[in-house]
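Structure incoming, see below.
Per-chain residue numbering starts at 1, and chain names A, B, C, D, E and F are given in the order in which the chains are listed.
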Amino acid sequence: MTDKTTENTETKAASAAGPKAEKLIVSSSPHFLNTESVPKIMHTVVMALFPAVAASVYFFGFRALLLVLVCVASCMLSEYWMQKIRKKPVTVYDGSAIITGMLLALTLPPSFPVFGAFLGSFFAIVVGKQLFGGLGFNIFNPALLGRAFMQATYPVLITTWTSPRTVGHAVDAVSAATPLALMKFEGKLTPLMDLFVGNVAGSMGETSVIAILLGGLYLRYKGYINWKLPLGYLGSMAVVGGAFWLADPARYPSPLFHLFAGGAMLGAWFMVTDMVTSPVTPLGQWIFVVLGGAMAVIIRLLGGLPEGVMYSILFMNAFVPLLNKHTRPKVFGEIKTEQS
Amino acid sequence: MNSFAKMFLNLTVVGVVSGVILAGAFHVFDPLIQINKEKELKESIFVVLPEAKDYKVLEKTVGKEKLTVYEGIDASGQPVGIAFKADGGGFQGNIGVMVGLNLDYLKLKGIKILDQVETPGLGNRISEPAFEDQFKNIEITPKVEYIKNRKPEKPNQIQAITGATISSNAVVTNINNAVARVLKTFPKDEMIKMGEQAKPASAESKEHQK
Amino acid sequence: MGLLLIISAISMGVLGAGLAVFLAFADKKFQVQEDPRIEAMLGLLPGSNCGGCGYPGCRMLAEKLVSGEAPQNACVAGGMETVAKIAEMLGVEAAEHKRMLAVVLCKGGYAESERRATYRGEATCTAANLTGGDKSCTYGCLGYGECVDACKFDAMAMNSNGLPVVFYDRCVGCGACARACPRDIIEMHPEDHRLFVYCRSRDRGAHAKKVCGVACIACSLCVKDCSVQGGITIKDNLAVVNYSLAPQNDESTRRCPTGCILSGMEEQVTKKNFYASLPRQAG
Amino acid sequence: MGHKTFDRGIHPSYYKELTSSMRVETAALPKTVIIPLQQHAGAPCQPLVKKGDAVQEGQKIGDVQAFVSAPVHSSINGKVKDVDLAEHPNGSRVLSVIIDGDGTSREWKAGGAPMDTSALTPEFIRDTIRDAGIVGMGGAAFPTSVKLAPPKGKAIDTVLLNGCECEPFLTADHRIMIEETDKVVWGLRALMKATGAANGLIGVEENKPDAVEALKKAAGGHSDIRIIVTETKYPQGAEKMLIKAALNRKVPTGRLPLDVGVVVNNVGTAAAIFEAINHKKPLIERIVTVSGNGIKEPKNLKVRIGTTFEEVINQCGGLAGDAEMEVLNGGPMMGVAQTTLTVPVLKGTSGITVLTAASIKPLKYDPCIRCASCVEVCPMALMPYRLGDYGRTARVAEFKDWAGLSCIECGCCAYVCPSKRPLLQWIRVGKLRVRIEAARAKK
Amino acid sequence: MVDNTPTLWYEFKKGLWQDIPPFRLVLGTCPTLAVTNSVINGVAMGLATLFVLICSNLIVSAIRKYVASQVRIALYVVIIALFVTLADMFLAAMFPPISKALGPYVPLIVVNCILLGRAEGFAQKNPVMPSLMDALGIGIGFTLSLAVMGGIREMLGFGSFVNFKLLGEWFEPWIVMILPAGAFLVFGGLVALVNYISHRKTAAGTNP
Amino acid sequence: MKLILIFISASLINNFVLTYFLGICPFLGVSNKTENALNMGLATTFVMTLTAAATWPIYTYLLVKFNVPFLEYVAFIIVIAALVQFVEMYIRKSSPTLYRALGIYLPLITTNCAVLGLALFMVLREYNYIESIIFGFATGVGFTMAILMMSGIREELEFADVPRHFQGISITLIIAGMMALAFMGFAGLIRG
């Protein structure tokens, strides 16, 4: 049985209101609600993503801006298109598709072709979101799904990086390695300060820790994200990364490196926290982030791919329904042994 | 007929009949399959040892393991190099490489990827001649190495395939491991001696056919 | 070649034989008889799992039928044909099976009855009823069509007056609609019932009349007009038909001042008629 | 912060300042009252009068022998106009006694000091309470005498007076605690006596410091009475939450406060008990907060039971404007919306809240975005988003399995939902379906 | 036999659309997913299955009267395995590259649900001729389905069709299509397409 | 150590369902409810472990010893069919409740290609006896995990507004595709 959502209610209620209505309204309690709304939340997240977008434009120039625009536009268009052909109310302006587009763009390398960005956005929205019925029903994080699809579709293009253009550095436009790839394949470590500011090669929005933190903390301040999720995820990464580091400091990087490099920050603040695709129960949330963080580090250090954040989140997404079902909090006053 | 007898008969008869049919079929097809396998082996040896026209099989058992190398010989029966298989894990699964080594044990003569299950379009480009050909005349001391995104600079270097560093690395590592093992097990002079004693494969297989 | 043949024949033979012995042994040891009739019975049932029989799903009913716990005419959705088949399979005479139909016992749509408030909330009848409902008549149809949603056989629709309509030709009598209605407006009746009081209001006549033009006002005219004594009675300000007594023609309904008691002949709408009667919509 | 409380819950806007400092005014004597014969949980009363009878203020006009029930009394002097079905604030039509007043009224006063509670017997207290028709005035209107008669083997150690009044807008209890402080404390002592409880507690939310002050002063002489200041949080006033906050005891699911040795009563109930015993006055009037942005002059009024909402509202300046409004019996969180203004004030009517169309919830809702807000606020630790779905789709087995029956209908979940999903309404549908299913299974 | 002729055509035809294996019956999904990264592989797999299906349906329907019910499944499976082994050897001997590409999925025809499904569901209850037609229809339907899947995946994944470069240099192949994920996605999409077409058909049928 | 690696590899990294496409039919068919999925997973795990335990000796002591490798498929399938049938009969007799929950899935397992695939892979990879059993068990665990995840997701989707043509098998396959995308993260985690 599907959700009888808005349009249903509206048309039926409107017709039922009939011609002879008096001036009293009846409804079921509670009668007044708080002022949150889905578009409000989503637009705040869009705002929170601006620092990261700005940083990517600063470091990677015009192309970064182009990619963000292409992704956002194609996400919105895809959503509009799907909702039109399904004859569903068009909800493009609630902002969730904008977030998906921005986040997808931020996970792409600056040199990624425009056509690929379009394809990824299309997949993210149409297959990753609308095929499940749109906002709220998707199982996997659409942006990450789009990224994973691109990773599998154009693995070479998506791992071709350019250096950031900053004063004093020679521009190496052809290709450069990301800090994680340097660590993994060449055993070189990037200075933490560069990572923090974002002065490294990598996906557009993943590079600048400070810009992401700014947005993330703003969201936390607004109360739209649960502190458990980002901190648990990062904490778990730090602990597992730290364990490796303590075991063999020469071979494995420090926990701070894990937190600052790659998609850890963007993932922890904006993707782990995606409400739709994370668990709703406290215990479920803990399991989600702890296992996710650990898995990200393990994939980074031992796996075939340099980046584990995306896969760890997607993988844990698939467990969310089970987690929600089986980690329900204990009902107030519930007693185990029922005595009569 | 009671049901047990029926069951018994059913299964036994089907078992015997299928056994017989399969044995018959095996008898017909197996030689063909063997020929295919041999042809594949021969072809790969001839690829990595281009001058070879025939080869000899040299075997030696060290501990539990049996090592096999193939000595390529030219039309006149003179050895032109040795070939051997190098196996090891790649990105997805096993990568098997046929490696051709110079008789002087200094340089590779060529390689051929026999089997691999790497990602099509990425890792599986190790099977492309462009990659395999890089290994011609590569020095094996101290070790074969790969470098990324640049033209090789040293005589023991090849360039890794972009986006498939792991597969490239696996090929190189496999080769290094196998070369080291062959060098240890089949010292140069012993090899020559063994080669003189062995018969060419073509002769052997003919015998076998009879 | 010969050896190979023999080896494989023997090994397969032995394997096959061993297996046969093993299974035969297991078969003897673990034999449990499951009634194959259950499967066959399931094949006869409509398979729509409508729940009209009172069991959770067709399979359950099949089991109960085979074990004799359910009457052969338990399946309401399958109709006479199914009953006959079931009876045949169970080897008994087909029980009498009267076709049941759903009847909507309220005629106060938008046109006839007043709505005193605006309802805001989930557009289902149960939900609206929880708030008391927006209708002045607290017994009448709320018009949110929960019964229509409950009908699995596409046998209902809401008409333009905000009342549900049952399609005479489609209804299989499963009773899902009656169970769904929070105000008990729908009743299940055998096909031969014709006389219905299309009102559920237990209010006194004056109030009932005030809020709805077609309410039963308990004026007793139908009680007097009924040719059989006690065929129609008044209970709780509402006329009640006693189906074992009252003749099902429309004699007794002639003088009803609000027209709420009717012989249902004219009520038999078929799906086709219903949709044909709708004004054509563009596109 | 730092005050006792329970887990989860919400902090809605309270709007209590509208009426919290207003003294209680006595409403004008109504011309007509409609007194439903069922104003309480339990069996409805049978009428004791018929059309045309003359009745006196305080005269019993309906009663029944059932244990869980409470008699009803006429709240004015006059003549019975009719005994008929009439609109009830719960939305149905209920048998009611309609009385035309003659404009006179009597005094309920007994000379001298209040009785000494230690001189009374528990039976006397219980019988007086029952006779006076006293039911819980905190909302649920459960007959108070029943609560005071615990089954054998259950001891009650604490009587907890509920002065939290966590509903937005409502200030009736607040005013009672300030203006009738002594009556409340006396009522509490009577309740303790009736149940044999050694402790008396009064739970008050921290946003009513003046009430706390007054109560502390009045209870000063009694060492067995303590005032518990709780955090201002909704639904602090729900009895399970209050017991958790005050005593750190958890009432097991499906059980009563009684099972943890507690009886919870509203402060208004306690004051009514004082009047019933000392003044022999049955429950015929109560304090009602009339507030909300749809009311011209919000007030606390002492109203005769049976007065129509219309009359009450008119005494508060009427509705503010002609636009569509919502009139609630109770506060905005738990109140029941009325379809007409001709419904009467009941014993359990603690407030009449009128909200303008613009300030109530919207009609439209969005899909659930799994934001977990509802899970985070549910004081019963349920999973409202899922219960809503199960209720809506009538999936009874799952609804029960996910503990839907434990919902106390506080509405926190629906309040916080950013998608504005009518969660509580769906849960109610689910509970109803469970009940129907159970009834059907029994048959 | 003669009076059976009209239905024989039906037995054949139903496998082509009405009961087309992987999409409608949702049987034999594993090979459908595993070997369809190119048209050739798909067709080879389909033909191998067709061969086994014909043989096993024939034998099963021929011996159906002599089989003890308790060992029915075991027996059928053995018969199927016999023909699969034959097919496997044949491929290895005659078409080594295809044999290599199909890998372990040829032996897995043994447990392809289609074979047992048809043996149990059809051949066991029907005479030889209809069983043959059924096998042909289902087998060809299966082969066609694999070819379509293979076609789409090869086209997108390599930019070619039957190894013939169709899409030009501008096309950057979608590697995902050759990977497991692509197989699932394409399969899912095709099932939806089949649903769509049949929904359209039924809709057209009821509202002329 | 090798045993642990085999376990992780077979249950996670080279998950039979999501990377080798084995056992898809039950994966699609029995994943609509978590309870069913769990039971199916357990039954499959059980049969897989037994299969590994039973086919290994047959391979080693019959097929290899007598040099008749071509009988591999036939011999294996006989053993599997017998095992499944035996387990079915046994459960039916010993625990009717368990049979109610599990029994209906057992015949499905015979035609679950994951079981035969398991035996074939086991031989191909030249595992020894203990390794084979672990491999069988781990494969079953991997199957159980995949089918459980899928069932959880499908239960969640009961309330989702999936487009009509995509409902049922179609969306299930697409979700499987997404799960396969997510599982790609494990690629190369343990080589070989």
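Just so it is clear, a contact is a pair of C-beta atoms (placed from the backbone, for glycine too) under 8 Å apart; a residue touches a chain by one contact, two chains touch by 3 or more.
Predicted model only: the values in this text are computed from it and were never measured.
S.K.: Provide the labels of all chains in contact with chain B and in contact with chain E.
M.R.: Chains in contact with chain B as well as chain E: A, C, F.
S.K.: Work out the mean Cα position per chain and let me know which chain is farthest from chain C.
M.R.: Farthest by centroid: B.
S.K.: Chain C to chain E: how many Å between their CA centres?
M.R.: 43
S.K.: Please compute the C-alpha centroid of chain A, do the same for chain E, then give the distance between them in whole Å.
M.R.: Taking the mean C-alpha position of each chain, the two centres sit 40 Å apart.
S.K.: How far is the middle of chain A from the middle of chain F, if each middle is the mean of its Cα atoms, in Å?
M.R.: Chain centres of chain A and chain F, defined by C-alpha means, are spaced 33 Å apart.
S.K.: Express in whole angstrom the distance between the two chain centres, defined as the mean CA positions of chain A and chain B.
M.R.: The mean C-alpha positions of chain A and chain B differ by 46 Å.
S.K.: Enumerate the residues of chain E that touch no fewer than two other chains.
M.R.: Residues 70-71, 74, 78, 81-82, 85, 89, 175-176, 179, 181-182, 185 of chain E touch two or more partner chains.
S.K.: On chain B, where are the residues touching two or more other chains?
M.R.: Within chain B, the residues that touch at least two other chains are 3, 7, 10-11, 14-15, 18-19, 22-23, 25-26, 30, 91, 119, 121-122, 166.
S.K.: Where in chain A do residues touch two or more other chains at once?
M.R.: 1, 3-5, 9, 13, 22, 24-28, 127, 133-134, 137, 149, 152, 155, 304, 324
S.K.: Going by the contact rule set out above, which residues of chain F touch chain E in the complex?
M.R.: Touch list, chain F to chain E: 18-25, 28-29, 70-74, 76-78, 81-82, 85, 107, 110-113, 115-117, 120-121, 124, 163-166, 168-174, 176-178, 180-181, 184.
S.K.: List the residues on chain F that touch chain A in their complex, please.
M.R.: Its residues touching chain A are 34, 148-149, 152-153, 155-163, 166, 171, 174-175, 178-179, 181-191.
S.K.: Spell out the part of chain F that touches chain B in their complex, as residue ranges.
M.R.: 68, 70-71, 74, 78, 187-188, 191-192
S.K.: Can you check the complex and tell me which residues of chain B touch chain A?
M.R.: Touch list, chain B to chain A: 91, 119, 121-122, 148-149, 162-163, 165-166.
S.K.: Report the residues of chain E in contact with chain A in the complex, numbered from low to high.
M.R.: Touching chain A from chain E are residues 172, 174-177, 179, 181-182, 185.
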